[in-house]
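A, B, C and D label the chains in the order they appear, each numbered from 1.
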Amino acid sequence: MADYILEANNLSYTYPDGTQALKELCLKIPRGQKTAILGSNGAGKSTLFLHLNGILKPKSGTVKFNGKDVAYGRKSLLELRKNVGIVFQDPDSQLFSASVYQEISFGPLNLGLAEKTVRGRVEQAMTATGINELKDKPTHMLSYGQKKRVTIADILAMEPQVLICDEPTAWLDPKHAKQTLQLFDEISQNGTTVILSTHDVDLAYSWADYVFIVSDGRVIGEGTPDKVFSDDNLIRIADLEKPWLVDVYDLLVKKGFLAVNTDLPRNKEDLYNLMLKK
Amino acid sequence: MADYILEANNLSYTYPDGTQALKELCLKIPRGQKTAILGSNGAGKSTLFLHLNGILKPKSGTVKFNGKDVAYGRKSLLELRKNVGIVFQDPDSQLFSASVYQEISFGPLNLGLAEKTVRGRVEQAMTATGINELKDKPTHMLSYGQKKRVTIADILAMEPQVLICDEPTAWLDPKHAKQTLQLFDEISQNGTTVILSTHDVDLAYSWADYVFIVSDGRVIGEGTPDKVFSDDNLIRIADLEKPWLVDVYDLLVKKGFLAVNTDLPRNKEDLYNLMLKK
Amino acid sequence: MKTRKMVALTFVYILSVMLLIPQNAYAMHIMEGFLPMNWAGIWFALIIPFIFLGLRSIQKTININPSLKMLLGLAGAFAFVLSSLKIPSVTGSCSHPTGVGLGAIMFGPMTMSVLGCIILIFQAVLLAHGGITTLGANTFSMGVVGPIVSYAVFRIARKSGAPLGWSVFLAAALGDLLTYLTTSLQLALAFPDPSGGILASLIKFMGVFAVTQVPLAISEGILTVVVFNVLMNY
Amino acid sequence: MLNIDGFAYTNSLRQVHPLEKAAFAFITMFMCIGFSLPVISGLVIVLMAFAIVGPARIPIKVYFRLMSLPFSFLLIGVVTIAVSITTKGSGAGWLAGITISGITVGITYSGIIYAIGLFLKSLGAVSCLYFLSLTTPAVEMTAVMRKLKFPSLFIELTDLIYRFIFVMLATAEEIHTSQSSRWGYASMKNSMKSLGQLTAALFVKALHRSQTLYTALSSRGYTGQLNVLTPEYTVSVNNIIIIAVIESALTITAILLEMGYIG
């Protein structure tokens, strides 16, 4: 039996303005894996995340963390938020302090840790995200990419079991996007379950262990990247595109340049090696 | 002799905080063409744009519009801004009116046009951007993609000769990004010179007639997309990546699947056809 | 009487042409070090109860609704940013603390005394506009008198059936004027005219400020109405 | 616009304990205002100019521009005080005056002396404020306020406001740019309308931002208190000795002046 760290069962949610954001959504996040949640703008990804750490309470359905239903009492909510951290899309609406150090110390302090422990965690989170040299800079002088790193450190300092990141690479240029993904790889290797949402199919395809496709408030497809992205129909319904690696691979197979049944290449090097082998 | 609608000669600009954003930048925008300006975050693209419609005044160097030096008097600035419209990157910080209609009518009304003309232009701009049904909606209730369209309509309603768009597809999902580019194609076909900035190389490669590569406040490369993107060194210095079409093409040529000297494919169909021919 | 006015006006006119037109409203807050120690202390003592009451009322609301803290933080930043915008006025563009009237109507005068005090700290520290030793005096005029007047005028005007637009205009414009009257009074008390006394001094200061502040109060009133109208449409 | 803030983070005294800097600025300021002696005011101006341009390494051009900022208030205030109005007519001690229908407006000798003293005193105090704000970031000033046991709600609000001043300022600038590039400030009438729209939009965005911020902070366990830790600073005995020496020297000079031994 697979081990799921977070589960959503028949989650429905309607915003006060009447927008039905989630419609009986079901998903199970495998523990310790790198999960990508794909969907077009407005598919319900952000709303789903707000449910996963208890900010929103579902109109119907349940959220399970470590196999147990989430209760919405004060104490159990704090417990959930300690373990499931969200990095929001817009860093300017997550950063509340002008000082990077103060900012990162906020989460761990809320956990009721001793001052010394908090200081240790802040240092550690800054090192992990490579922002040690920003310590003395105010958040309003940081670039977009730097702010993004600070918001990730915010959450890392709480040492959550699950790190959720909403559209982490939007607005980043290729170089910074790559660095951010490497950071997530490291976090994942340290045993944290990393979930990120994106509509960048190439990113999701190369990075994720497991992919969910969300469309119109529902999960309409899931599986390993090669399986999910081979399903033309699914991709079309979700208003997404095929990753170019898959596209090229299909083309090469169709032309007979590559043998069918080879494993799908997960990155440029894979593709290159496949072609060399041929 | 080529016909240039906008020219920047040795443009230098330093922000009050000391950041030198432009360093003797030179570029000439060909009239009526689709121009892409590529560069990583912080390369100086946005600062350049603010010079092209006179919001910023260069510390040294000149901007030419239609072959004439831009004067920084009140009247000539207004004239320039009427003809060179900018759609800014973040629609959220740009929209300021209560309703979509009011927002789009802002520019034409300020131009002092008769109410009837304004109405006509607003209708036309809404039709062109496909947002007729949003007419009475409050701007802050729109989705990200819709907001983006409203900001484009904002500028179209002023009927500029040049439309500049800063990172038009950032944060848009593949479907909406495609629609936006189609919109730019239409605008361009109607005789407007369209300039856009991006760090999405795939987009720039497929869409643009002419490409400038900006890095650290300077233009470090320019030319037709196939020429610019074949220059590995240039792409690396600019912290960009190669468009995957070029990458795949190179790979195929290297492996002997495609003949050298073929024209570079500009989109998926081109590549497909090339391979069929072989 | 007429000639006296003329002399005063000529004097004020020359001064304003010389000093006010090319710059912004530094004339608004009392500058660092300008007040003698005793007056600086007195005004500090006078604002402490207002700050205390303001903090207590905010804390009460936060206990029920923790999101109010973020709202007040943003509202304070909003008011600071507004004060740094240039507003078009008959005497040229002036930067100016709009938002006090608006804030008083929306959050009540007690809350505004706290926000006003913080905004004034930042105006002193970030813009060299006002000062720390004069913080008490400036908070009293801009954070206590201004908001109370705005709030009271708005309430009275609404109760007596005045249209919303006029109520907002009067609240903002009068709150503004009373702020400057208070500033003039504070200066007059600290610096009585050696021969004419406090009254003569008050007339001098009011005369100087009137040139810039009357048109500004009107501009600010109009702007607040425009803002209110737009907000109503949101 | 907020370049004072920029220097606060980049000046050469950035790493000095904020409490030391605050003590130096405020003690000096109180001496300047408390003694109210022109010579002391002059000394304070020179001392602070030296501290700002020397150890803190603020460019001298910046220092002079900043010092010119408060001049307009200062001149208006000082001239207004120097000018006397009386119904008794001009007499001894008057340098100049016009009498019209029994009211005399003019300048007295003592008025001028008083005005010059006030001018110097205020400028001295402003120098002290500049020293503090050019060397100490606002976040560190609030850290000092925390140490001095100011009400935590007051400090939390101060920190929040400081942080969002910059966010809102950027938004205001973007809207302003977008408006000006669409002729928003082409005429007086346009300007009033545009500014009204800008203000309202800014307000709505502030409301919206406060909600998203609340959401983000709640997800990190916020329940009403914004507890944070500040980086630790080391106290420098050297600095304390320097401050003590300077302040004692000022005090002794002032006392000697008052007693008439010098000056």
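Some points to look at:
Keep this in mind: contacts are C-beta pairs under 8 Å (C-beta built on N, C-alpha and C of every residue); 3 or more make two chains touch, one makes a residue touch a chain.
The structure presented is a predicted model; accordingly, all values stated were derived computationally and were not measured.
Here the spacing of chain A and chain B, counted between their Cα centres, is 30 Å. Once the centre of each chain is set as its mean CA position, chain C and chain D turn out to be 17 Å apart. Rounded to a whole number, the gap between the C-alpha centres of chain B and chain C is 45 angstrom. Once the centre of each chain is set as its mean CA position, chain A and chain C turn out to be 48 Å apart. Residue numbers of chain C whose C-beta contacts span two or more other chains: 70, 73, 230, 234.
Listed for chain A are residues 96, each touching two or more other chains.
The residues of chain D that reach two or more other chains are 1, 5-6, 138, 160, 162-163, 167, 197-198, 200-201, 204, 209, 213, 217-218, 222-223, 226, listed in rising order.
An unclassified topology is adopted by the chain contact network, corresponding to no line, ring, star or complete arrangement.
A complete list of chain pairs in contact reads A-B, A-D, B-C, B-D, C-D.
The touching residues of chain B, when paired with chain C in their complex, are 97-99, 138, 140.
Taken together, the chain D residues at the contact with chain C in this complex read 1-2, 4-5, 26, 29-30, 32-34, 36, 66, 69-70, 72-77, 79-81, 83-88, 98, 100-101, 103, 105, 108, 110-111, 118, 121-126, 128-130, 132-133, 138, 141, 151, 153-154, 156-158, 160-165, 167-169, 172, 176, 188, 191-193, 195-204, 206-207, 209-211, 213-214, 217-218, 222-224, 226. Chain contact summary for the complex, chain C toward chain B: residues 230, 233-234. Partner chain A is touched in their complex by these residues of chain B: 40-42, 141, 143-145, 167, 170-176, 199, 201-202, 239-241, 244, 247-248, 251, 255, 257, 268, 271-272, 275-276, 278.
Those residues of chain B lying in contact with chain D across their complex are 16-17, 50, 53, 55, 78, 81-82, 85-86, 88, 90, 92-98, 106-107, 110-111, 140, 154-155, 158.
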